[in-house]
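Going by the order they are written in, the chains are A, B, C and D; count residues from 1 in each one.
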Amino acid sequence: MTTTVLPAAAAELGEGPRTARLAREAIASGLATTLLGALGLVLGVVAIFGPTRHLRIDWLLPLAGVRFDVDPLGGLFIAVTGAVAVAVGIYTVGYAQREHWARFPMVVLPLFVAGMLLVPAAGSVPTFLLAWELMAAASLVLVLSEHNRGAVRFAGVFYAVMTQLGFVMILLALVLLSAAAGGDAFTTIAAHADDMSAGTRTAVFVLTVLGFGSKAGLLPLHAWLPKAHPEAPSPVSALMSAAMVNMGIYGIIRIDLQILGPGPQWWGLTLMILGAVSAVFGVLQATVATDLKRLLAYSTTENMGLVTLALGTASLLSASGAPDVAAIAMTAALLHVLAHAAFKTLAFLAAGSVLAATGLRDLDKLGGLARRMPVTTVMFGIGALGASGLPMGAGFVSEWILFQSLIHSPPDGNTLLALAMPLSVGAVALTTGLGIASMVKAFGVGFLARPRSVAAEDARESPMSMLTGMGLAAAACAVFAFWPALVAPALRGVLDALPEVGGDTAGVQLATFLRLPGIDGSLSPALLAVALAAGVLLAFAASRWGARHRPAPVEVPLWACGAETLSPRMQYTATSFAEPLQRVFDNVLRPDTDVEVTHFAESQYLVEKVTFTTRLADPVEQRLYTPVVGAVIALAQTVRRAHNGSVHLYLLYGAIGLLVVLLVAQ
Amino acid sequence: MSALSIVAAVLQVVVVLVGAPFVVGGMRQVRARLEGRAGGGVGQPWRDLRKQLRKQQVTPRGTTLVFAVAPAIAAGTTLLIAAILPIFALGSPLDSVADLFGVVGLLFLGTVALTLAGLDTGTAFGGMGSSREITIAALVEPTILLAVFALSIPGQSANLSAIVSATLDNPGQVFSLGSVLAFVALVIVIIAETGRLPVDNPSTHLELTMIHEAMVLEYAGPKLALVEWASGMRLTVLLALLANLFLPWGIAGADPSLLAVLIGVVAIAVKVSVLAGLLAAGEVFIAKLRYFRVPELLSGSFLLALLAVTASYFLATPTR
Amino acid sequence: MSLATYTGVLDLTAGAFLLAAVLIVWRRELRSIVHLLAWQGVALAAIPLTEGLYEGNPGPVIVGLVVLVLRAGVLPVLLLRAVGTADAERRESTPLVNTTSSLLITAALTMLAYAVTRPIIALDQAAATRAVPAAFAVILIALFVMVSRRRALSQAVGFLMLDNGITATAFLITGGVPLIVELGASMDVLFAVFVLGLLTGHMRRAFGGTDLDQLRELRD
Amino acid sequence: MTWIGKIRRVGRIVEPAPAAPEPTVAPPTGVRGSLQLRHVDAGSCNGCELELAGAFSPVYDAEQYGARLIASPRHADGLIVTGVVTHNMHEPLLNTLAAVPEPRVVIAVGDCACNRGVFATAYGVVGSVADVIDVDVQVPGCPPTPDQIVTALRSVTGK
């Protein structure tokens, strides 16, 4: 008891000034983030509707100069990032104080946001790469902000290596592009895109899909995401999962759909396969995950997979001569990016609120938060509803549009479409189904029922600033769930700038009713909500029938099958909840289970205890990454022989290197 | 949208509310007769409902609002579906509010509400039922959406009125390969979603073998009545949907006369009774599947749905 | 019989034909597998019957009747006799590929069949040709059944299904084969089943079961 | 198709219903013909269980009078208790009764449940059911016949 009391007392007595300073710094950092975000939001919205704005600062970067061209597509991503940053900034004010952040992450947080805002604004290859690197480095620093934990350090190294590998691929692709186009501005490259050789285009496509796909968390280069996102502090997780992954999507749209598009059919097909595999794999992992933030991170992979699938559909359809349906798919992709940003911000902020209150991320130990943290529970519920893609949730409308684009592609004579579309519907449907299961698990096991640990029992609601940040994100979720028409003009503006994927056709009409021109299909999320409310009221009214005959209502203990009490340990946990699905998909998930039976020494027939352990690793990571890492280590061991510690030898290496460079330069 | 089609939609809700317990009762009665019993009669579920509605409200300690409102949400989604579907007449005023994808979404919303309620109780059985229910729901979703896809191909739309009128305009397609496969797939899906044999046994007494029942084990009195009512309505609505998707004859048009609506009522009553009777009779011959064999059944139905889409897709080019 | 009815019936027949194959993959009970094979025989016989009735041509009708007797009557009865009486013999207890995967593979095979037969359909839009993918899918599924089943009897069923598929393809593409050819093919199949029946009997006497994996012992 | 043949051959095997007995208690909620019961074995020799199973079998079919056995006491209108109340089952019996929402009935089946029967002096016994909780209907007999049980059930359902 004394050990827990003492530090708290010390904090109150001796560290008053420190607390005040922490508060000042947290407010400054949060406010800076929010203001940057608001600025980005405004600029982004202006860019979507206005003409493309240019800004050149030649002195800032030697040789190339810095160049910003903000067009509608970039504007959309700037606006999304800005909006996420606004909510996260307000949230951070409370979170940084509660979690006692050091000064360093507080300074880097606005920098990270700035980097993300600059990426879509970049108008030339050097500027883009610079902004990309700023974003990557800042996020790495933020991931490492709790570096005294081993898991964080491991995740940081993993993230650093993978993000740099991705960067190298993007670098190569963009250098190839500017070399082929003879200029480094994106406008120049776009103008010369049609003259490029097929080989260059293919190489650029493959490299960008790998590089940007890795940032978006697509398979097989997703492995950093479920490690780095959960280990980062929650506001940073929210920024990474809701805003940074979008940059990967932005890159794919910008380079592969806009500048080089419309590509051949296999480009679209590749994107569809990558997207479908990522979506199904991500959601399967989310279904069996027991770590709340890891679950959300895998859900990010899932949703980015869905977006990529939609992008692939758009690309494939416009290459197959169906630009009007391609535009519908593109709308689905963009709307899903927006909706995902809203609900994932909310979910990660709520998870952070739980983490701050209990110190727990393990769903097996959580529970009973609904009574202890009601606002956070409601917030997470809204986010989870959005992530599950059910009606009344933020993700429903975009998934509905995606389905419409998949079922309305004209099959006439095209075997490829006739095979791809049904399989895609199956994949997306499986994703939605499992997504529902994973979100029911996260919400039902984590927040409802009874607390499974002392920490969860002692949880207290988060401060006002954190709740406000979540509230903003929840409001955005409500917009996407009930009134997506609000963002219709913005989507229209972006689509107009994307004629490569049918942006010049009618597209989806987003008003009170969503209508698809030329196609018989409509949905009205707002009216559906009103009608559902009426239905629920009617059901309530029906259940009031006979009420005057009823004895007075009572509260009773839970039915324990006749036994005295039902301990919280008897509840289903997240592991047991997902066990059936894990069994069904054990060919894919490859769980590692162990049952160990210890017998009494006296008799073989009496069991003293039974231990059951199950471990779920990421199978892709195990199969694909372990051999690669092994090979790299083996190579490093070979190279190590050259390092014998002699300064003379090292100088000799330098000299030889110089000679080689001189000879090659000849 | 005429006044009568609004009346028809309201009537659909009312008739489903009133008729659902009779459908359940009828099914039990068919089963009882085939087993050589007398049975409680078609009105038994109604008597049970009335009785439960007069009983005490019981709130298990520690449950939250989720537990309290879940039955109403489950019933509310089903009622909304009843208003959207073309049961008596085409062109419900809510037809353009949600298409078949929306209807499926609403169905799952109801399932999720009860699942969360099962978890909310914090009992072993509640969690067990929820876990099983959500597993089945997750595996059902691909089949159901693929079947929707297959059905939407002839009418080029997933809006229900469009699908049904496409069938009415072109009756031959009911007996096409795609349609038959989609029918079988949908039947399996409906059995799984409404917790009938062989997926779940609605009359089991053993908690360990339960799926739906385990989830609602803590409900009592009026809330239990609502849960049972909702599950009966869900069965009724799904059977009506099945009937009208594949055998829409008798349904009133988009701008119906009073007589047409009445014919529609009679037609659907006959169709649902026949379907329910067949389902109940079929149940006499089968035992419940082991829980981990259910995915086999569902993957089979997934295959059928996929074949349905493929068949309709590849054969969509009209014959000359 | 109008064109619409003819198209509908043919379409449905092809569907039933394919459905029987899918169900054979699905079920494990040998007895019901044989019953399903009989139903498939009925569907197969219905193809020339429908064609004959539609065209008013007695040739295909006779072929259809012969097929009906043979495939839906004689062969299943012979196979049923071969089903063992021991409980262990009545089920395909542990197929090499589990049921769920089998079904997904079946789905893939069917889609493949639809994809590869597109050129044939493109040639001729007649109702009969448009049912060819179903027949072709049955051929692929039959091959899969033969690969993945352990019991000798399931193998025989797979073999018969293969033959059904080939016959159906022939009926659908060429509008029927000459009676004598069909009779010859059916005789072949009949003999094959006799031989299989004998073999099964021998196996059971030699090994006490019809698990084909035990044939490996012969190598040593 | 042997099952269909069997169903046809067997037909209806339920025994004809005798005239309804005098109601002993009013139906708990005022709705006739609906009674869901949770069965509690408080310490029975399983003789009464067999007869109880008989009462709900196709031959006697208590379900035709609206009575049904169910799994959860929350869903029940009352308890049907068999056997003498033992020490171990004393608490569970009380807990189960408390879990049944009001209004509720308790039916004690068999001599042991009514008056301790042959276990009257056994060391593990608390008492008869009536010693522990309020009992509305008692069905004597060791064991009572299914007919007696059905009659008792009908006297509560009023059908």
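Note that in this section contacts are C-beta pairs under 8 Å (C-beta built on N, C-alpha and C of every residue); 3 or more make two chains touch, one makes a residue touch a chain.
Owing to the predicted nature of the structure, the values given are computational and were not obtained by experimental measurement.
Student: Indicate, using Cα centroids, the chain positioned nearest the centre of all protein chains shown.
Tutor: Per-chain C-alpha centroids ranked by distance to the global centroid put B first.
Student: So what's the Cα centroid distance for chain B and chain D, whole Å?
Tutor: 34
Student: Could you grab the centroid distance between chain C and chain D? Build each centroid from C-alpha atoms only and quote it in angstrom.
Tutor: About 55 Å, centre to centre.
Student: In whole angstrom, how far does the Cα centroid of chain A sit from the Cα centroid of chain C?
Tutor: Chain centres of chain A and chain C, defined by C-alpha means, are spaced 49 Å apart.
Student: Quick one: which residues in chain C touch 2 or more of the other chains?
Tutor: In chain C, 100, 111, 114, 118 touch at least two other chains.
Student: Can you list every residue of chain D that touches 2 or more other chains, as numbers and ranges?
Tutor: Within chain D, residues 29-30, 72, 74, 102-103 contact more than one other chain.
Student: If a residue has to touch 2 or more other chains to count, which residues of chain A qualify?
Tutor: In chain A, 413, 418, 422-423, 549, 551, 556-557, 559-560, 584 touch at least two other chains.
Student: Taking the top-of-page definition of touch, could you list the pairs of chains it picks out?
Tutor: A-B, A-C, A-D, B-C, B-D
Student: Residues of chain A touching chain B in their complex?
Tutor: 287, 367-368, 370-371, 388-392, 396, 400, 403-404, 406-408, 411-413, 418, 421-423, 425-426, 428-430, 432-434, 436-437, 440-441, 443-445, 448-450, 513, 519-524, 527-528, 531-540, 542-547, 549-560, 566, 568, 570-572, 576-581, 583-584
Student: In the complex of these two chains, what residues of chain B are touching chain A?
Tutor: Contacts found on chain B: 13, 17, 50, 53-62, 64-66, 69, 71-73, 75-80, 83, 94, 96-99, 101-102, 105-106, 108-109, 112, 115-116, 119-124, 126-128, 130-132, 134-135, 137-142, 144-146, 148-149, 152-153, 155-159, 162, 217-218, 221-223, 225-226, 229-230, 291-292, 295, 302, 306, 309-310, 313-314, 316-317.
Student: Looking at the complex, which residues from chain A come into contact with chain D?
Tutor: 549, 551, 556-557, 559-560, 562-564
Student: Touching residues of chain B toward chain C in the complex: what are they?
Tutor: On the chain B side, the touching residues are 172, 175-177, 180-181, 184, 295-296, 299-300, 302-304, 306-307, 310-311, 314-315, 317, 319-320.
Student: Quick one: in the complex, what on chain D touches chain B?
Tutor: Spelled out, the residues of chain D in touch with chain B are 3, 7, 10-14, 17, 27, 29-34, 36, 58, 61, 63-66, 68-72, 74-75, 77, 101-103.
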